[in-house]
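Naming follows writing order (A, B, C, D and E), and every chain is counted from residue 1.
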């Protein structure tokens, strides 16, 4: 009861402060609001992105170019956040059980036809659908330059395809495709790929994540295409980590950290 | 090479973490060397950066080379304000790494590498926060450090620890979200995320600076950071979360997390909004100082009521946060309060580390969790206790420890600003701390009194390693080394407070507010 | 009343709703007894902030921030249902030749639009990409937090056999008084 | 204004006992070596102090900057040896040697526990004492003042029993409480008032400042009560409480080091912080004078009623300390000189008395005066020394006490404070009243008509003098009391030098 | 963006949030949270934030819901509020 009173007070105060501020906002949808067009006397960041990002990076999707290049440092840490969350969940939940027992259980539930006959339909459907999903995921990763999507979304979809397998059959079936050891490695490798692009730029004498400096490696005409290529590489790195961790989080949550059986 | 240091500071722990992720599961013994190596790189990097900053001025680093116009890329900045803090973080990190040897995952070594990964990522987050000059980047790194600390706190938790960790997650996320909201309001009104840029825009457009949205942005950023630093009314999550977490985790989080949040607050105050705006046009200084006064008193009194050592220390942190927030908000003409707060960040990191390390050793070697368990500790572990005494004296504020000098500067600021209540609170809390710690000393000293007439002085301190010691127990040096190092640091930092404060002043004196009177 | 809505609610409708959603989340976060409910509240709270950010970047009549798809100026007003409500805005948007383009023209050949063969990007007609980028990150952070929090709540369930806050607190109290 | 000499001697003097601490700890198993290292450190320390003596006598001061200060930011940590510091250092370091010998005898005699800790902290507290003596500014003074409070706590609570616990608690809470509550604010106020300069060199810190009567009085009182080691009432009760300590501790620390540090600080504050001019201008000193006078009389009266010998000595100490405070607060040249001399005079006298009390305890286990009747025959040296010590403290010839008290009296007279002069006289009578009967009873116990002792409980057969290590030091200090009466030249010279340096 | 559409989704959003928080069955609550996620995803798309919408669809509606469901399965389904 006390918490309800407290909640109401907190909500009332916060809400009234926020609502009080709303009237001062630039109107919704105003293209000339400071957020959209900057304040007079200083250059607007967002206008710069809209106008210059294609020139700088040759990537039509402005969001992708900002995400992976201009604010690539943020995105790297976003990936690190995912990685950290995965590690935190393993650290909290993972129960290191008896390995033989695990293996025995795995054998018991080896086949999806074993026991539960309802799973036949679901399982077969999933077997057909999953490759399509994975193909689409790869498309999303690769086509992030031109359409919505990118490493993160693609990675989630790819991870979701493993989750679907786990849901339709059982967790072991999915874990056979992406084992615990491998998803930790995959996650680490993903960030490693990301950071490697940055470090390479440093080695070539520029700042961290300055993809333009990678021009000699990609043998492109100008720094723009080098940036474009590097972004793809970086997105792939993100996709690796996200795939691995999304699946890993599910696997741990669904099996209470025992990594057997699942839901 | 030197100009790449800002990136190296965060990359070294990152690569350490990744490396452990790749090979750590095979043999948990590789974790410690990797962690130590990567943190050493950061440590020397921090020193080199500080040296560079104090000779050549601030270092600006634009990730991806996106320098102009300001704000399109991500801007990292090392100046006199954070150079010292970087060294402090690196030092604490290295010391705690030693402390963590064989302390984590004693039950099953399978989780050891997760600990080190999270630990290194947490270091990365803290370094990143310190050098970030982009308001949103700061948020991302706050989240990196928060998520890792959730994991670290929850991973070894006891029964009630899990619940404390859950509360910590909720509070931490709300805090970070409030910060994000505040940044959103700033972006809405200024159209920029770069701190420097926002500062210029607010400075040159008074009508924006006076708008409600900017004030609300400030409120939310402030409240968000206050939640993160456990400032007075919002401190509820801290004591449980820290005291139930494993020693190595507590030893790292307690000295740094709150202090980093204080730094973020000061950074936001100085580099984003500007002190003039905060103190002159907003003029909430009195309100916040009063809150700080309550925080100091409440923290001290609550600490007095605790029976567990770690919990008591946690409440002391609440009081210490009050010192720093109050000091930063004193708004005295010479900014001595701010100086004191910044110096106290370093001092408090050292003394909290010392006390928590000692508390960790007590728990591990003597199973002493409560204050009453400390009976006779002076005899069982004279050296550990000696270091504990030094830490405690610093907490009380006895010269020549750093605790005295930080209070000295804080009080000077309080007197200059005419905030008598703050000065009074500082003195009262010193007295309470004195009572608190001397109660402990008394128990530790009087505990098991040897029989009269028998000279026990011949006892070597072999009793220091009690029967707890087994193969898996952490080696004695791994606890003692960082502990003594910290004790020495406390003294040195106190004796050489002049140079340190001079460095802080070089930064503060350039601020316009010092020249103009408030 | 109608006037009030017209002046104060309608132009800021998204902002009002974001506050409402945020407060719903915050209230659930504090007042709900079940930990899972608290987490749902937390997620709602976070999406409210995302809503706020995305609303900031909206421009009337603008298209998605991908060049070469709809990058040319679409007839912005054709989507309008409430023509009268914001007739000021589109005029401004269309009428004013944006000065930022003076710079572009000087460069001679225009990289920006070579891709899909149209002529000019009117920045007023492309949504602000920056909030989108920021919010991608925020979403990711949100799901990461949710995952960790769910893991912790599973641990809590393992320890206490319950996810109700009051029951857990009672358990803690009981075990504290025992020991 | 003054010619200074840069030298590391004060540092070495201070370090001599500090470096003994690890030695003592290392030799914790070799009792002989441990005790030798204590003694050696004492001798070395005295040697360093004596090496500085000629320089001081030339009228120079020795200055050593330990931690440099940055102008406008921090206060340096500086050693500065002047005549006052020199007297104090001489007294402390020479008496340390005597006390060490005594302590060895005492601790062995009683077979005390934890001797290593005892000697280690003893050495540590001596370092702190010298640090105070040599402090070159208010901050350094405060630093070592606190270090002394803390390092003496394990000594006070040495017995680790309930009584020690209580005594230790009182001890620390008074000393730390007052220093945090009064001294720190006072120092800070001075710091702000003086624009960051806390140095004792040159004119007094606040000499040129414009201070009203009330602030000056309040500041003065804050200092006087803040440095509560000086034992001014009402912050005196730590001193009797601290008497739970083993006697050597009481002897050196509570007759010499700790309490003298308190009055030393007050002298420094009056002469170095305010300056005679500033205080004299308002008559702010009179407030302090009367508090001190009150303490003198009241403590003497309390002392009369005490039966526990050590407690009586403790209250006597409180009174004697207030003499010194009173003298310096009179602001008259002669009175200040008297104060400075009384530091030394009281030190030698009181340490003798404490030594005697300890020796009696070692030999007989008796603590109460009423139980000591007739002991003089069995312990002639001890009680003879006790008699001489009492003379010194009372201020009767032939003892150095006479010289100092004479100066104090003269100073009071010349300052025109007849009332305070009367206070001196009354208290001298009281002193005599509570000390002389002890020796008298010891040698000439009341006998009934048959020539037996009235109190038959005390048949002192088989009681002998305390061990030699106890008796020798007390004889030495007793003879010092007398010797300094005949050869006070050095002390007078140093006192004159100091008075000359603070003269308005 | 379309104002009427905007209003409709926002209203639905509030409704979905409230239902999700007030259903006693946690599994239903999770599913309604998923619906909430899809609604908000629709809103992003409608506001022109396609990348955000894509992410929200995959994460907010997809993975978050699955994670919630996984936890609810492993703990208790009924809730007191």
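Assume contacts are C-beta pairs under 8 Å (C-beta built on N, C-alpha and C of every residue); 3 or more make two chains touch, one makes a residue touch a chain.
Owing to the predicted nature of the structure, the values given are computational and were not obtained by experimental measurement.
Listed here as common contacts of chain B and chain D: no chain. The fewest steps needed to get from chain A to chain C, moving only between touching chains, is 1.
Each chain gets a centre from its C-alpha atoms; the one nearest the centre of all protein C-alpha atoms is B. Greatest Cα centroid separation from chain D: this falls to E. Set side by side, the interfaces A-E and A-B show unequal numbers of C-beta pairs in contact, with more at A-B. Mean C-alpha position of chain C lies 74 Å from that of chain D.
Separating the centre of chain A from that of chain D, both taken as means of CA atoms, is a distance of 74 Å. With centres set at the average Cα position, the gap from chain B to chain E is 38 Å.
With centres taken as mean Cα positions, chain E sits 78 Å from chain D.
In chain B, 136, 140, 143, 147, 150-151, 154, 187-188, 193 are the positions where the chain touches two or more neighbouring chains simultaneously.
Counting partner chains per residue, chain A shows two or more touched chains at residues 18, 23, 25, 29, 33, 35-37, 45-46, 49, 61, 63, 67, 71, 74, 78, 81, 84-85, 88-89, 92, 148, 152, 249, 253, 256. Residue positions of chain C touching 2 or more other chains, listed in rising order: 13-14, 20, 26, 29, 33, 55-60, 62, 64-66, 130-133, 136-137, 140-141, 143-145, 147-148, 150-155.
Touching pairs of chains, sorted by label, consist of A-B, A-C, A-E, B-C, B-D, C-E. Across the interface of their complex, chain C is touched by residues 1-4, 6-7, 10, 13-14, 17-18, 20-21, 26, 29-30, 33, 36-37, 40, 43-44, 47-52, 55-56, 59-60, 63-64, 67-68, 70-72, 74-76, 79-81 of chain E. The part of chain C that touches chain B in the complex is made up of residues 26, 29, 35, 38, 42, 45-46, 49, 52-53, 56, 130-131, 134, 137-138, 141, 144-145, 148-149, 151-153, 155-156, 159-160, 168, 172, 175-176.
Contacts from chain E toward chain A in the complex involve residues 1, 50-51, 53-55, 58-59, 62-63, 66-67, 69-71, 73-74.
Note for the complex: chain B touches chain D at residues 393, 396-400, 405, 408, 411-412, 415-416, 423, 427, 430-431, 434-435, 438, 441-442, 445-446, 449-458, 460, 495-499, 501-502, 505.
Partner chain B is touched in their complex by these residues of chain A: 17-18, 20-21, 23-26, 33-46, 48-49, 69-74, 77-78, 80-81, 83-85, 87-92, 94, 96, 181, 184-185, 187-189, 191-192, 195, 198-199, 202, 206-213.
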